[in-house]
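Below you'll find the structures, each written out as structure tokens.
Next come two complexes, and both contain chain A; in the first it sits with chain B, in the second with chain C.
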Partner chain A sequence: MEIMQIVGLGIVAAVLAVTIRHNKPEMAMLLSIATGIILFMLVLGKIGSVIDVLRDLASRANLNMVYLGTILKIVAIAYIADFGAQICRDAGEGAVASKIEFAAKVLILVLAVPIMIAVLQSLLKLVP
Partner chain B sequence: MELIRQLVQNLIVIVVLAVFLEMLLPASDMRRYVKMVMGLLIIVVVLQAIGGIVRGDWQRHLEPAINAAPSGVPDLKEILAAGQRLKDGQEQKALEEYRQGLSRQIVALAGLNSEVQVVKARVEIYTDPGDRHYGQIREVFLLLAAARPRIQEQGSGRGEQLVEPVTINVGERAQPVQGEVNAKPGPEAEKAAARLARVVADFYNLSPDQVKVQWVS
Partner chain C sequence: MGYDINLIFKIIGIGILVGVAHYVLKNSGKEDYAVIATLGGLGIVLIWVVQLLGGFFDQVRSVFKLF
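This part shows the complex of A and B:
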């Protein structure tokens, strides 16, 4: 039951963070970061199997693997940016969190450009 | 039908993939952006599938229907061969008409010359379509009468020709009307024939060697 381990780790980390936040807020933030990384590492192996299924579905749909890779990168950017922004907000740095989200949006749009070009080319190919 | 089945299959898989990916999205402000990119991806896949149908190799599917001849209709090769034969025949007829027209034209041209009498003109032309001179005049044969029947009525002064006296010999074999080829003309007649040949050659832009004169009695 991995979920018990994950939930237990999360609760312990939360109690510790609440306990030390008054005296050592920086340590509470580091504890929060470390807990997040550990939880991410725990589920990383499971995500690999999900991605394999996604690749299989994409190959069945004759979807170019470049596009699927782009989508997965975008999802990862969104998750990492969200993770960083939450930590910054917990530390009371809402402005930095906004900047992280802004950077993530820009990166997502940059990665979306090849897909937009592909849409345009597909539409133009339909025109005789 | 197979193409449509493939397209529907692809669409089903793409929708399942999109739903699957949507579950992975973070529940934050980023979700809208990632969903937009995923929507673009689905549009790409659908357009590619539709483009494959629109630009599909329809000729390959239609070829059996085009090549299959219905019953009672001759084979396409036979029709083409018959068409080729018809074309060749029409070309030969056109060349023959052209040759005869030229012969008549040369006879009429030579008839303007009162020094010699042209019995017949025979024209040979290049008939090989592969030849670069195809359709041009190769040789012209002028059959001239060696002795022109210019019997004029004495004293009339109008130059009218009279019919020669007709002699009937019963029991003898009839002589050919055309007479003997390569009969010997007089020197004056030969000069007149050379002038006529030159006129014909100049008129049709031929070399003098291409116009040949033959004499018949």
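This part shows the complex of A and C:
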């Protein structure tokens, strides 16, 4: 039951952050960053096993591994960008958070272009 | 839990310590030292957090098998 550890850690960190936010808001922000990273790392192992299963399924279905790699890259970009944007938004920097999200969208678009090209090519193959 | 929960308590400890030091130094009329104490504490904690963040990015990279 990892969820008990995660909820306990989150509540303890939230109480500590509220305690210190009053006179040291920057320390509270760093505390919330550290808490977020530790929580994320706790869950990352589980994500890894799910990804291994996905990889196994893809190789069993004779899928092109390039596409799966692109999708995993997109998922990783989305997770990390969301993490950073939420931290910036918590610290009151909504503009920076919006820029982070914009950059993530652009990077995802760049990664998705080869897949779109492949879809278009297979469409062109279908149309005589 | 494999990861250092102690980091959270270290951060909060430095935060409280720096807060008290800031208060004491400010009340004894040494405002510039108070600012330096705040900046020093912030730098120490920032180094820890940046190291943690680097490890986190490495781990994400290895889990998602990027690059």
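The definition used in the following text is that the second predicted complex is superposed on the first by the 126 of 128 C-alpha atoms of A that agree within 3 Å, B and C clash if a C-alpha of one lies under 4 Å from a C-alpha of the other, contacts with A are read in each partner's own complex, and residues count from 1 in each chain.
By our rule, contacts are C-beta pairs under 8 Å (C-beta built on N, C-alpha and C of every residue); 3 or more make two chains touch, one makes a residue touch a chain.
If you're wondering where the values come from, they're calculated on a predicted model, not measured in any experiment.
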Contacts of A:A28 with chain B and chain C, given as first, second, both or neither: second
Contacts of A:A91 with chain B and chain C, given as first, second, both or neither: neither
Which superposed partner A:Y79 touches (first chain B, second chain C, both, neither): both
First, second, both or neither for A:I37, with chain B first and chain C second: second
First, second, both or neither for A:A103, with chain B first and chain C second: neither
Partner chain(s) touched by A:S122 [first = chain B, second = chain C, both, neither]: first
First (chain B), second (chain C), both or neither touched by A:L57: first
Which of chain B and chain C A:I71 touches, first, second, both or neither: first
Common interface residues of chain A - those touching chain B in one complex and chain C in the other: 75, 79
For the chain C and chain A complex, residues of the former touching the latter: 1, 3-5, 7-9, 11-12, 14-16, 18-19, 22-23, 38, 41-42, 45-46, 48-49, 52-53, 55-57, 59-61, 63-66
Contact set on chain A toward chain B in their complex: 50, 53-54, 57-58, 60-63, 67, 70-71, 74-75, 77-79, 81-82, 85, 101, 104-105, 108-109, 111-112, 115-116, 118-119, 122-123, 125-126
Residue numbers on chain A that touch chain C, as the complex places them: 5, 9, 12-13, 16, 19-20, 23-24, 26-28, 30-31, 33-35, 37-38, 40-42, 44-45, 47-48, 51, 69, 72-73, 75-76, 79-80
Residue ranges of chain B in contact with chain A within the complex: 9-10, 13-14, 16-17, 20-21, 24-26, 28-31, 33-34, 36-38, 40-41, 43-45, 47-51, 54-55
